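Have a look at the structure that comes next, please.
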Amino acid sequence: MPDIQDSLDRIAADMAGRMDRGEVAHYIPELARVDPARFGIAVALPDDRVLSAGDSTLPFSIQSISKVFTLSIALGRLGDQLWSRVGREPSGQAFNSILQLEHEKGRPRNPFINAGAIAVTDAILAGHQPKELLGEILRFVRAAAGDDDIHINHAVARSETATGHRNLALASFMKSYGNLINPPELTLGAYFHQCAIEMSCQQLARAGLYLTSAAGTPRMLGPDRVRRINAIMMTCGHYDASGDFAFRVGLPGKSGVGGGILCIVPGKASVAVWSPGLNKQGNSQLGTEAIERLASDMGWSVFGASHTANPD
Amino acid sequence: MPDIQDSLDRIAADMAGRMDRGEVAHYIPELARVDPARFGIAVALPDDRVLSAGDSTLPFSIQSISKVFTLSIALGRLGDQLWSRVGREPSGQAFNSILQLEHEKGRPRNPFINAGAIAVTDAILAGHQPKELLGEILRFVRAAAGDDDIHINHAVARSETATGHRNLALASFMKSYGNLINPPELTLGAYFHQCAIEMSCQQLARAGLYLTSAAGTPRMLGPDRVRRINAIMMTCGHYDASGDFAFRVGLPGKSGVGGGILCIVPGKASVAVWSPGLNKQGNSQLGTEAIERLASDMGWSVFGASHTANPD
Amino acid sequence: MPDIQDSLDRIAADMAGRMDRGEVAHYIPELARVDPARFGIAVALPDDRVLSAGDSTLPFSIQSISKVFTLSIALGRLGDQLWSRVGREPSGQAFNSILQLEHEKGRPRNPFINAGAIAVTDAILAGHQPKELLGEILRFVRAAAGDDDIHINHAVARSETATGHRNLALASFMKSYGNLINPPELTLGAYFHQCAIEMSCQQLARAGLYLTSAAGTPRMLGPDRVRRINAIMMTCGHYDASGDFAFRVGLPGKSGVGGGILCIVPGKASVAVWSPGLNKQGNSQLGTEAIERLASDMGWSVFGASHTANPD
Amino acid sequence: MPDIQDSLDRIAADMAGRMDRGEVAHYIPELARVDPARFGIAVALPDDRVLSAGDSTLPFSIQSISKVFTLSIALGRLGDQLWSRVGREPSGQAFNSILQLEHEKGRPRNPFINAGAIAVTDAILAGHQPKELLGEILRFVRAAAGDDDIHINHAVARSETATGHRNLALASFMKSYGNLINPPELTLGAYFHQCAIEMSCQQLARAGLYLTSAAGTPRMLGPDRVRRINAIMMTCGHYDASGDFAFRVGLPGKSGVGGGILCIVPGKASVAVWSPGLNKQGNSQLGTEAIERLASDMGWSVFGASHTANPD
């Protein structure tokens, strides 16, 4: 098996020369300003090492990757009760689709499409002020990453609030079916701020270590729940490209519209990659490729070793 | 970690006493006659051992589990060309839904929903007689299982042909979009017969060994393709309950309306279970539970060890 | 042909004894308090006569019937430009469905489903304060009815605003597609107040006279536009029961969730009926029946005379 | 009011020079050969006069216009029982859509979309041979038109049978829900042949006279049923352009993919127009315009007189 650092270096070098970088999300004005040429990647290992290449210390907007952390908090706090509010099936639709909400009476398919993540945030907001909840989310992420230098970019949050009509439609729709506890604006306030958390690849990779269930990693949640979050990342983590990501990479992952992807190698490693340009499904174009190569190089697919590696 | 045989025995004993066995599929008249009290389970290991409990030597109709074998044949013969005919995303719809076919111009979402499996069979039928193709499928399955005593139940195939109007609708619809090479009746003839293959749990578990990529198992297909078939089994193997199966079991699997499930533990084992009663999504009710318990007992989830086992 | 007053008297007498009155809308709390036993009907003729029976002078909440008046104002002000914002096809869906909005990029099917009516109100609100627009709508309705004693029930408007999450979802969704000029809250404020106009059957029948195009009636709009509004009332006036209303009654009509229906007999008469109980599609149950009988008695169907009347 | 013949002459003259004629249907090979430059129009009056212009004596394939005649036969034979098999609401979808069939368990929305017309043909075929039914349909049409020289073009019927996979999908789908009495192939055989009836504009206009309910016209059906067929023509006669046809023309009409339209002026006239080129919704492009102009010239809209005519 090749050396991780070698693989990261080769990947970062190749990506630097690529012209087909996808398109930076333009519907959130603040995000549209990010330099599309950025590329960073980092691997956190249970033994505390963090290997990296490229722009791996530059913070970026984690956006929907935050849904993994709020789902973790919600399962820790509400347990299986959460599943009365949201399902755990792939939607087969775009991340912001409202179709199934109408067919299924306001219950979102899974916690990783927008409607589902809003429902999760709403569930843990209940009875608190958005500020308190955001404090809790930050504490969770900082503890997971072992790093207190993780913050919310309020300009990004405001930018989303001003243009977040689609998310307001989703929240109001759920509210009309009784599947939102708080006023839509309040829940969305918390939601937009959670999405505006900024982390570097190194921080994000470290923050994902608890999802590997490996010995020596922080225990933020019981192992059964960790395993299940991984399952949902595998089947639903990339919206209507989740099947393709599983097919190509073979690992649980969660992407964000800021161009980041968090990917878990159960028992072994946590990987974060960042490249702002997105493909048609709204997932980082080069980020997806980079993780595909890394997983192939290392034989990390959970579905069996690839051609370049022996079964362990 | 507990002993596999112990776990199988306890599971089979518990299942024997269960009253809530789901409902036997009644839309295929021949299948409706099966005794709902049957339960069998078998685990095939790379070292050639097969452990089992219950009715593990009784043949049953594998139905949609056959889609795994025809997909393997199709990938072996056509390679990635196949993906021009069928996608690899979860559909988020029932196994026999026609909705997405209309929205997506006759290209099925994945090879495991009915429309997709019909397209796969059509692709490998091209230029052959159904009889030849069925011969090839049987040869493939027999070679994989190392057992020549595997046959098609022609009464079941005829029974499906007579009542298969929904599948005729799917095939004709694809034909109208140019996504069917052969006449619908011809492709369906082959499809219904492939579904009517009968195998016991022991035979099926053995036939699945090539999907574990473990050393010493038959090499029916390159390791990359095996890995990818597993990925599709994980995200699409249980129709609109695929997310739930991944969540509960954490393993790639494929169910059939005859009450069977084939489940792969990459690198380690191939599991077959059979209980004819189905849950609402059309998957074996006790079969799903049995595999959930076995995977939990053995710490087999690909997403990390469960609470009762240590990470390996 | 029978006498109109005779027919009205017999209908009102029969309806008084009916037990199957449908269900009063309960999703708008203020409306839920209305006495379900009320029934009123009125016919306004071009010669200024108004015939009536039952509770024909009691004001009720006209709700969606207001959409006819705002469409008239919008066509008068914007002309055919309006059709870039909204279609004129039956939706085949419920009055508050959001499905087609997603499939059709935020452009509602017609001006009489909720989304379409919100778009129309938004179009004529542009550049004005809600108060100004509501003043204009009231002036239009009062002029059409020749009666200044027509008002908005602000308690009903507030009641809708507090519970109007579904409409907020529709408006926000259109906003996200750029098909809403004003902030959703502003447009909805105007929309909820326009729906809260109260009129009696006699007032409403008179207000509809301009839609008959009959000589001697107020000219609120050019005859071509009047004709076209009638066409839309015929094909879209009763949501997903529009076909059935055309089939049974044979006249252009528009229903409201307050239990009112305005029905136009081109060239001849304007009819208003009110009975608060609704059928499954959200249209007045006895109101629909009453108009069906009246139209049949008088041979008023635009599709040819019925069995009890001679062709004119 | 202008003279009918004058209007027809001017319309035919204008249409002769038009370049934007739409596209001739190419999915039925036999129809694709028709000369796109053809244009015919005819008006049949209750006093037995037939006025016409252009290619009004050339027979063309009436295709879906036949659905009006089979609906008439079905209502005559089965009465309101028919409505258990098919609805009478606009579908809001394309003529050959299968979406609603799945959502609504195999019951088509109305008798004029393909699925609905197949269900109607199936209902009247029950217990007969296709040949007998086709004989009955021809007898009905010939009696209505007072002309025995009306025939089926068997080459067209065969052409449709060979390429009718979409219709086979619709029929098989309904069969799977138990909403088809006969084998799909048998019903479709009758359906394709009924669509292959050929008539000239003059014959078709005359055949539609019974739908005017005017004194002196053939009585093929009770006046209530005639009125109701007109209502369905108005709301559903042009598929997902029915609303637009009502808006522009204001008359009940039924189009066919052969480029013909039959349009009824209740109490007054029956109009047939033919121009083979179709618009995007599959309705005759110039035919629609021609009828719009004629109806406007004559003040024939059922929704009130247009600007160029006085109310009658």
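In order of appearance the chains are A, B, C and D, and numbering begins at 1 in each one.
Quick note on the criterion: a residue touches a chain if its C-beta (ideal position, glycine included) is under 8 Å from a C-beta of that chain, and two chains touch if they have at least 3 such contacts.
For clarity, every value in this text was computed on a predicted model and none was experimentally measured.
Give me the chains shared as neighbours by chain C and chain D.
Touching chain C and chain D alike: no chains returned.
Among the chains, which is located farthest from chain D on the basis of C-alpha centroids?
Computed centres place A farthest from chain D.
So which of A-B, B-D or C-D is the twin of A-C, meaning more than half of its contact pairs are the same residue numbers?
Match found for A-C within A-B, B-D or C-D: B-D.
Regarding the chain A and chain B pair, does the interface count as same (over half of residue numbers shared) or different (under half shared)?
The interface of chain A with chain B is built from mostly shared positions.
Nearest whole angstrom, what separates the Cα centre of chain B from the Cα centre of chain C?
Roughly 55 Å separates the two chain centres.
How far is the middle of chain A from the middle of chain B, if each middle is the mean of its Cα atoms, in Å?
Taking the mean C-alpha position of each chain, the two centres sit 31 Å apart.
Give, as an integer number of Å, the spacing between the C-alpha centres of chain D and chain B.
About 48 Å separates the centre of chain B from that of chain D.
For chain A, write out the residues touching at least two other chains, lowest number first.
none
Among all the chains shown, which pairs meet the touch rule set out at the top?
Here the touching pairs of chains are A-B, A-C, B-D, C-D.
Help me check something: in the complex, which residues belonging to chain A touch chain C?
Chain A residues touching chain C: 97-99, 101-102, 165-166, 168-170, 172-173, 175-176, 184.
Quick check: in the complex, which residue numbers of chain B touch chain A?
Within the complex, chain B contacts chain A at residues 87-93, 100, 109-110, 212-215, 222-224, 226-228, 230-232, 234-236, 240-244, 246-247, 250, 252, 266-267, 301-307, 311-312.
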